[in-house]
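In the two complexes that follow, subunit A is the common piece, with subunit B as its partner first and subunit C second.
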Partner chain A sequence: MGVPGEGLAKGLAVTLKTMTRRSHTQQYPDVQPELPPRSRGVIALLEENCTVCMLCARECPDWCIYIDSHKEEVVVPGAARARQRNVLDRFDIDFSLCMYCGICVEVCPFDALYWSPEFEYAEHDIRDLLHGRQRLGEWMATVPPPPAHDPRGEPAKEETAARKRAGSA
Partner chain B sequence: MTAEALREVTAGTGTGLDTADMVLNIGPQHPSTHGVLRLRLVLDGERVVACEPIVGYMHRGAEKLFEVRDYRQIIVLANRHDWLSAFASELGVVLAVERLMGIEVPERAVWLRMALAELNRVLNHLMFLGSYPLEIGAITPVFYAFRERETIQAVLEEASGGRMHYMFNRIGGLKEEVPAGWTDRARTAVDSVRRGMADLDAIIRRNDIFLARTVGVGVLSAADAAAYGASGPVARASGLDLDLRRDEPYLAYGELDVPVVTRTAGDCHARFEVLLDQVYASLDLAQACLDRVDRLTGPVNVRLPKVVKAPEGHAYAWTENPLGINGYYLVSRGEKTPWRLKLRTASYANVQALTTLLPGCLVPDLIAILGSMFFVVGDIDK
Partner chain C sequence: MPDWLETLIRVLAVVAAFLTLPLLVGQAEHKVMAHMQGRLGPMYAGAFHGWAQLVADGVKFVQKEDITPRDADRPVFRLAPVIALLPYLLALLVIPLGPGDLVGQPLDVGLFFVLAVVGIGVVAVLMSAWASANKYSLLGGLRGAAQLLGYELPLVLAAASVAMAAGTLSLTGIVEAWRPWWLLWQAPAAVVFFVAGLAEIRRPPFDMPIADSELVFGYLTEYTGLRFAFFLLAEYVGIVVIAALTTVLFLGGWKGPFGDAHLGWLWTLLKVFAVSFVVIWLRVAYPRLREDQLQRLCWLVLVPLALAQLVLTAAVRVAF
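Presenting the complex of A and B:
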């Protein structure tokens, strides 16, 4: 063991060094944090893509997605019979229950759900954390484009599919 | 006067009457317990006569919930019982399922998993390197520790989207490929943390006050550590040279030379030092894994059937989690949920050692010992 007080002196030297450096603190909310595109902040809904297949609601580990729908008949000119179509009446996500696991976004076969890094939606009343389809749709504007994959790995599923379609067309 | 005599001051009215033992509860809500742990102490003055850790205040029934969740949903829960080692806990679950299903994970995924697991270990250790001095009165180190944590969290968030609960493991690999240029940014983060660790190291490792509070306090013998099933940094500080990454390699740890950090003193300071040196070792390992990832091409996951069902049977996987050995015993009856998924968690075993560690110590040393056992109560109660 060295001279008594050596450890304290070393520590104070670090403090002194740090004092001369710029502070590490981010001045939120004056300065917004830069969040990566994959950041799981809030779930956005692209209603046009939703077919009411209920996969997200079924796969959600804590069942915090509520979906109601009804069927409508669509008469297609030239078709023998009228087609049936699901129409979304209600699509709510209760963010007071959501565990931010992203399974709903992952299982959606029609790309109707997206992650947005937006996080400033704290409420005074817990009931206001239930976001309806209107509010979920508004989040769509904040969804960033996904980052490019590492070229050494495989490209994203969407990229492969698009390339295949472009090749066959 | 000896150091021991200096430590203990007898104050009283001098009537010479025998004092009755006092039963004192520490917790369940106490800032040094990383959750809600209750200790039932019997005190003779300032000296602890007996200690009984009472666990269960944070029991969330994780194991029971596993039985009604499919294998992807289990990962959501598995990364939450020990919120400081989320990636490592996810990893254990998927390893057990992959073992039972006989899935071979692509090599690129294996090395990415190892890199992320080591980064997660650094994150976990930095948390304790900051909070432990804080618990015994040194406020400064936590700021340095959190500065470094932030650097790594940014890297992990870029890859997985989460800062604590990554949800990045999947049966058969990882959720998706990392973003372009991620490995370089991860390497930069590792370098930056290595530089930052020098500050944290200088500020606390040989700090005289810190040494006075921790050296020779709460000595856990190797025999006791083994008897209680303690593992990880706590056991290695007592000289129990066991690290699954070296002794029973999973993933591709067998191809790496895993340095095992040990001490023999078994006191609070030894435990702290193991954690500190382990960070350096993990940073080196993470670097090696990232270099390897850059030489590998190919997918990071395998194609799975729509409904993942593990075949009937059972499998056991254990991993060297940041806090020690975590075991996952999976019993499947061929359903899409496990019939039983038993967790063996490091914190649970480590905290049991308090029963022998605390009797004989003084109340002011109690927090020093408690904090140095490095546990997360969520990991005890599950």
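Presenting the complex of A and C:
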């Protein structure tokens, strides 16, 4: 038990203190929000890196990645026989299904998929949320450079491995 | 200057105050409440920090369809918003803004008149509640009746204390008799008057008759458009009137640190806005009182306090 009316005074103090502080409202359409690093806005595709391994499409939990491809023969001079190469015909991500888990980005072994912080791609028709290869490629321009390594964090796996190799050699 | 012209100017000035002060208070409420909750409040209407929000609201209300429920008691239903609004206009008429003649209509029984007129608000609540033919309205109206009749008593007792101290019922006379040490002497009466006044205008935390989380919107449930806007306006004018009355009765009206003769109106307005700010502040800080807590506060705290204040006032008056 404190002084009677203490709670009442405290209530007044809290509201008054809040009034003197800056409000938390973000005036979004007028002022662009400051997104945290590694924001998941939209998935960008770097087509040159894609080998059509289909890992992303298979790992996607709600199957929203559609990939079509065909094989082409590449004649390498001097080689015994022509090599085969996958050529991408279609790479679509349906953002009306995507749940932004980022598994496709994680799983891609050739760094063909990236997170971009762009989020303003709402559509009037849900079918327009199916981003084709062209559109996904355009998002690449908005992909930020990877954040610097945390100086106090654990060293990268590659660094540790390299150091170990150097030590053992 | 002929008499009729002077009367006309005074009435027009009061009407102007009646139309602008509540809007200022309403806008302040939007903004103060927002910032107390860490928000910004209206930002678009009128381009600069939403200064025209209430004007925009008014325009919106005018455009809305005016609905009278089929089972409603039509004339009573339609008259209620006017009855809610008009008493406050009359009250503003006799509240002095500055020394001497700076008052809409100097009245010897000003205090009596103001209290009587503000009491009409109860009738408006009952009219709207009963005529709406709606159970929520009726419940809200009954709560309102219990609350308003109860709180009328401490309100009048507290006002009587200051009238006794000043030895006059004229509001101008009370301010003239007022001395700074009354702030201490009449402090309990000031608190009682302010709290009872809040309850009289049904402001949160005393908004049990409206209680939007349980009674839809209490006695306002069936109102739309301009009639609803009238009730909302009545609430804001109510804040102005209660703040002005508290200022005039307990805070020394136009008496300020300097230049009372010329700057009196400024001191009065400053005090009115300061008290209005407290009204808004209380709304943000406190949750609604339950019905039994409401009655308990009135009958077991405010009424005894007001009576004790009366005794104190009488004792000091007799002693000096």
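One rule holds for everything that comes next: the second predicted complex is superposed on the first by the 140 of 169 C-alpha atoms of A that agree within 3 Å, B and C clash if a C-alpha of one lies under 4 Å from a C-alpha of the other, contacts with A are read in each partner's own complex, and residues count from 1 in each chain.
The rule we apply is simple: a contact is a pair of C-beta atoms (placed from the backbone, for glycine too) under 8 Å apart; a residue touches a chain by one contact, two chains touch by 3 or more.
No experiment lies behind these values; they were computed from the predicted model shown.
**Q** With the two structures laid over each other on chain A, which partner does A:Gly5 touch: subunit B (first), subunit C (second), both, or neither?
**A** After superposing on A, A:Gly5 lies in contact with subunit B but is clear of subunit C.
**Q** So in the superposed three-chain picture, is A:Ser39 touching just subunit B, just subunit C, both, or none of them (first/second/both/neither)?
**A** In the superposition, A:Ser39 touches subunit B alone.
**Q** Touch check for A:Gly102: first (subunit B), second (subunit C), both, or neither?
**A** Only subunit B is touched by A:Gly102; subunit C is not.
**Q** Where does A:Val14 make contact in the superposed view: on subunit B (first), on subunit C (second), on both, or on neither?
**A** Both subunit B and subunit C are touched by A:Val14.
**Q** Considering only the touch criterion stated at the top, classify A:His24 as touching first (subunit B), second (subunit C), both, or neither.
**A** Once the two structures are laid over each other on A, A:His24 reaches both partners.
**Q** Using the touch criterion from the header, give the chain among subunit B and subunit C with more contacted residues in subunit A.
**A** The partner making contact with more of subunit A's residues is B.
**Q** Across the two complexes, find the residues of subunit A that touch subunit B and also touch subunit C.
**A** 8, 11, 14-15, 18, 24
**Q** Where on subunit C does subunit A make contact in their complex?
**A** By the definition above, subunit C touches subunit A via 32, 34-40, 43, 281-282, 284-286.
**Q** What does subunit A use to touch subunit B in their complex?
**A** Per the stated touch rule, the residues are 2, 4-8, 10-11, 13-15, 17-18, 24, 35-36, 38-40, 59, 61, 99-103, 106, 115, 147-156.
**Q** Tell me, which parts of subunit B touch subunit A in their complex?
**A** It is residues 69, 72-73, 75-77, 80, 108, 140, 144, 147, 150, 154, 157-162, 165, 167, 175-183, 199, 202-211, 293-294, 296-300 of subunit B that touch subunit A.
**Q** Spell out the part of subunit A that touches subunit C in their complex, as residue ranges.
**A** 8, 11-12, 14-16, 18-19, 21, 23-25, 27
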